[in-house]
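You will see chain A twice below: alongside chain B first, and alongside chain C after that.
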Partner chain A sequence: MEATELQAQALPSRTRRIRAAFAQVPALGWLAGILCTVLIEHLWGDPLSYQLYLPKLPVLFGCLIMFKQPVLIPSVLAYVALIYAIPIAAVTLLTRRLANAVASQLSRLPLWLSGLIHLGLLYLALYYWADLSDYRELVLKLTMIAVILTLSINLINGYMGEFSCSHPGFMALGAYGASIVTLLLFTNDRMFGEALLPEALGPWCFPLALIIGGFVASAGALIVAIPSFRTRGDYLAIISLAFMFIVKSLIENVEWVGGPRGMSSQPNWSTLPVVFSWMVICIWVINNFVRSIYGKALNAVRDNEIAADAMTVDTRKTKMVAFLLGAFWAGVAGGLFAHVMRFVNPGTFGIQRLAEILAMVYFGGLNSVVGSIFGAVSINLISEMLRPLEIYKWIVIPLILILVMIYRPTGLISFREFDVRKILQPKQQKD
Partner chain B sequence: MPLLRVADMTHYFGGLRAVHQFNLSLEPGEIRGLIGPNGAGKTTIFNLITGIHIPTKGTVELEGRSLIGHKPHEIAAGGLGRTFQNLLLWRHMTVMEHVKMAHYAQLSYGLFGALFGTPRRNAEERQVAENTLRLMEMFDVAKYADWLVGNLPYGAQRRVEMARAMATKPKVLFLDEPTAGMTPEELVQMIAIIRQVHRDFGVAIFLIEHRLKFVMELCQRIQTLVFGEIIAEGTPEEIQNNPKVIEAYLGKEEIH
Partner chain C sequence: MDYFLQNIINALQWGSFYALIALGYSMVYSIMMLFNFAHGDIFMTGSYIGFGIATLLLALAASLGMALPGWVLLALTIVISMVLTSFLGILVERIGYRPLRDAPRASAAITGLMIGIILETGNLAILGARRLSFPELIQSTTYHLGGVFVTNKKILIVAVSLSLMFALHQFIQKTRWGMAMRAMSFDFQVVPLMGVSLNMIAPLTFAIGSALAAAAGILYGLAYPVLDPYMGVLLGWKAFVAAILGGRGSILGAALAGFLLGFIEIFVPMIFPSTLRDLIAYSIILLILTFRPYGFFGTAHSTQLRL
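Up next, the complex of A and B:
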């Protein structure tokens, strides 16, 4: 009797101790752990998967294999434990003192420098992870693009609190805008003929093409904004939905951009570092904006427009800026997307894309940069992992969403500030 | 020259005459009260002057410049701060964010600064943060700085609203029933705070109030509004003894 009671007390205290130990690991430690596991997979991933009778290296943590051949589930679990779970836990726990010491050294540097060092480590880890298979690289790029999309729609649906449905439309405008620039200027193709500028110049001018795509999307947003900002609530949702369909059928009917067949043979300029840098810039810019007083003004307009107006906020301008900024980043994401797939057609930017984007933003959390990143990454990974379920995937994902909407109506990580300094600081308690 | 001058302001909601020939000349540093029974049109007068409604007739001038036709945020930035009768706070924002936000019109760093975090933006935001802290301490809400406003006691919510209004650097402060729903202790504190605001910032205050004791104690002059018309104007003593005011509040004695 006594012994069992003691055990019952000991068990939570042990889990608490383990949790406390993990809580002391700073961001730097986690990055080091992830980098280590990725390098371990690079070295021993192939031989280990051969030993475990896996058909090939498990690409997305073995989910695809598990669904196709349930017999191999123990092998997959063993692989995940040996390659990912155990090394991460071991490295983060063993090096936490060292990592904290280094992190406290880094925290004395200017924030941008220490941020860049962390980002460099993150990039290295992602690079080595994606290096093992083309499929991983594609998933990773699409996930990063999804992060940009989710953040940009969060600006409108979360921070501004209007329900806008036109994001696939903005994305299409950006994709076509950027594609036209690159195809017209830098490639010999059957649509626009000879390249006007030498192709070697292309990758350097690619950011410009993306920015042009973004501005095209913003111009489209202006067309939605002018009539619809006179109204609130459902009306903007209806107008923006209409806008999405107008863009789609417009592109379908313009022959010189390929009509319903779409545009292809975009140069392969959306490489991993390019997409990664754009994602980082997007997070940085949007986080700067929402944490500034102009960003807070957006929240004030959402919560009570009359009060915001009486507190000197130019409500119309504030809403317009946020809407155009959201559309701009959706356009950039569209441009990157077009150069990842190297093919776009109007069918890509339909109601299904809208459902995906909305799922990501409402799953992750409104009014929160971390929430957007989390939502985009998790919904994208879940949907890739459930790919073997085929059509049933579209039963599972909506079910998850419904559960989230019931228990956390504003999303999993909503209304939280993204403070880089706080994330990077050392975590060791002084004792 | 009066700071705020309103002349012959009349407003109709459709066929309903809400305000009839309202006149006001508010001198710098004055505290003026507006009393009247429910539905007399007091809040409508506030909304007309602050630009939420546009008066059908009449002139409104702040320091000699006409306010008619300007948007509420322009009027607010021009020096006319206000609070609301039923507390229009932003429910997803903290107390500190409320006060910071109200510095909006005093910022000059623009969109570029907001997006890219320029040094100028950081300097301005730091200045705003300092001023915010000062205002929160003055209105005794600094201890709630990181709370969402909805979780605050009612009296503290009223003080947040006033701190927010003062952050816009007003020359004239409009208070719409600043003590509605307050406990007696909070009421005493509010009188002290209004006196302090008046003394430290030198603003002119125009307030709507139901509690006559409160108005009598604070205001130098009082106007009484009934059915959109001013029926009496004067010092607290004059108003207290004015038969028309007594009639409006208590009803006429009927002789059988």
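Up next, the complex of A and C:
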């Protein structure tokens, strides 16, 4: 009797103590822990999976194996515990003092420098994680592209509060714009013939191609942005939807970009570092944008346009800037996507893609950069992990989204500021 | 000239599908200021339900040894499927829209979209990817009227859809329920205080819209007897655009815009290559919305998102 009572009292306090210990781990500590586990997997992942009778190294935390062969669930759990959970917990807890000390040293440096150091650690961890299989690398790249897309649509749907359905169209414009530039200038292909410039120059000019793609998308966004001066809400939603269909239909009818057959054999220049750096730049730009006076103006336009106008907000300019910026980043994401898949056709950018993008932004949370990142990563990973369910995947994911919408109508992490300084600072020591 | 008249008849038939589907969008929108994005897939499900009922009735009639005339079977199929599909509409309202009545409108749009995906995938999972062909309920006969070929199916489709629209108009204008719906569309925040329950009117609206979609689905199955799970996506989104074009919650507008869309889609391939059909149709819609941002019969109304 007494023993159970003691246990009942001890349990919460112990969990509280563990939670408190984890609360003291700074971002640096988490990154170090993740890097350690990834290195451990790199070294011992293969032998361990052999010992645990797994057919091969579990690619996405063992989810695919669990669905295919339920017998192997214990070994998958053991693998996840041994490779991921226990090392992360051990490293973060053991090094938390050291990590805090280093983090407080880093916080004295300028923000960009300490930010770059953290990003470098994150990149190393992702690189070693993705190094083990091509599938991981592909999933990682597509997830990062999805982060860019979700951020760019959050600018319009979350911060400005419109319901824009035009993002697949922007993405298509960007994808085709960038592909045309790279195929025309740097590669010998069937569509445009000989390369006009030496191919060695290509990877260095690839950012330029992406930026051109982004500008093409921005130019297309004018079709949606200009009517947004006069109308909003549902009518703007229709205009953006019509825009999406028009872009798709237009590309299908232009023969020199391949028509409905699409464009293929783009050079493989969307490598992991390229996509990663574009994602970081996108997060940086959009986060600064929404925290600037423009972002506040966007929120003002969303909440009450007339009042915003009365408070000297130039509503037209604000809407225009938001649409162009959102479309630009969607275009960049499209360009990256085209060079990851190395094939695009108009069918890629249809209603299905729209549903996917909307799912990501509304799952993660409106009006928040963290929410966008979270939504893009989780929806992408969930949909990859549920791949063994085949068609039932598209029953499970919508059900999750319906539940999220019912209980958290603006998404899981909505209306939150993304403050890099706060994330990177050392955590206070209590004891 | 004959060619032109022939296409007018085709356009009337094609437009009546759009008009019937657009009515469902428009009614829900007028009551709740929300779009039922699952409506296209309700149309698809209605068509499949109609397929099931029709095959069931045919089998039943055959086993009982009765030779029922085709039009009786068709009428029974339409009525039973309309009733069944209206329950689906009520279910969609209950699951996807009632919990989100006070939420931002975009969230309800997402649940609608997701319910649509569930309906498509569920259909694909249950019935498989093979395409079903709608049973031939009535024999097709062709009349030759002054150089124009008219089949009895085309006449039937246009007549049934027009009479359904007329019945809906009468219901909205003449009955007490219709009056409640009109009042609700005028102001859905104040009218509940006058003793009209939104919890009654909203399911009723969804039910009527879904029943019309089911009728459209069966008529579509009569005209183009190949069913596939993604047909709702194709027609639904266009009908949605037609509903907007008609104006906020206007029955007449939605019907007219549906027929207009049908005419555009039939007449564009007469002049241009048929691959340009979507491009030209949407460009015309974009132009119309630029000059009449609230559609044909809509009035300027604050459609600010309730975020």
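Operating definition for what follows: the second predicted complex is superposed on the first by the 424 of 431 C-alpha atoms of A that agree within 3 Å, B and C clash if a C-alpha of one lies under 4 Å from a C-alpha of the other, contacts with A are read in each partner's own complex, and residues count from 1 in each chain.
Following the convention adopted for this analysis, a contact is a pair of C-beta atoms (placed from the backbone, for glycine too) under 8 Å apart; a residue touches a chain by one contact, two chains touch by 3 or more.
In this text, all values refer to a predicted model and were calculated from it rather than measured experimentally.
Engineer: Given the touch rule stated above, what does A:Phe67 touch, chain B (first), chain C (second), both, or neither?
Structural biologist: neither
Engineer: Is A:Pro398 touching anything from chain B or chain C once the two structures are fitted on A? First, second, both or neither.
Structural biologist: After superposing on A, A:Pro398 lies in contact with chain C but is clear of chain B.
Engineer: Hey, is it chain B or chain C that touches more of chain A?
Structural biologist: The partner making contact with more of chain A's residues is C.
Engineer: Between chain B and chain C, whom does A:Phe22 touch in the aligned arrangement: first, second, both, or neither?
Structural biologist: neither
Engineer: Tell me the contact category for A:Ser249 with respect to chain B and chain C: first, second, both or neither.
Structural biologist: second
Engineer: So in the superposed three-chain picture, is A:Pro409 touching just chain B, just chain C, both, or none of them (first/second/both/neither)?
Structural biologist: second
Engineer: Is A:Phe343 touching the first partner chain B, the second partner chain C, both, or neither of them?
Structural biologist: neither
Engineer: Considering only the contact definition stated at the top, list the common interface residues of chain A for chain B and chain C.
Structural biologist: The overlap between the chain B and chain C interfaces on chain A comprises residues 302-303.
Engineer: Would you mind writing out the residues of chain A in touch with chain C in their complex?
Structural biologist: Where chain A meets chain C, its residues are 157, 161-163, 223, 227, 230-235, 238-239, 241-243, 245-246, 248-250, 252-253, 302-303, 305, 351, 355, 358-359, 362, 366, 391-392, 394-395, 398-399, 401-402, 405-406, 409-410.
Engineer: Can you tell me which positions in chain B touch chain A when the two form their complex?
Structural biologist: 50, 52, 71-73, 76-77, 81-82, 84, 88-93, 97, 100-105, 107, 111, 113-117, 121, 125, 128, 164-165, 167-168
Engineer: Tell me, which parts of chain A touch chain B in their complex?
Structural biologist: 285, 288-289, 292-297, 299-300, 302-304, 306-315, 321, 325, 367, 415
Engineer: Where on chain C is chain A touching in the complex?
Structural biologist: Touching chain A from chain C are residues 29, 35, 95-96, 99-100, 103-111, 113-115, 117-118, 120-122, 124-125, 233, 237, 240-241, 244-245, 248, 273, 275-279, 282-283, 285-286, 289-290, 293-295, 303-305, 307.
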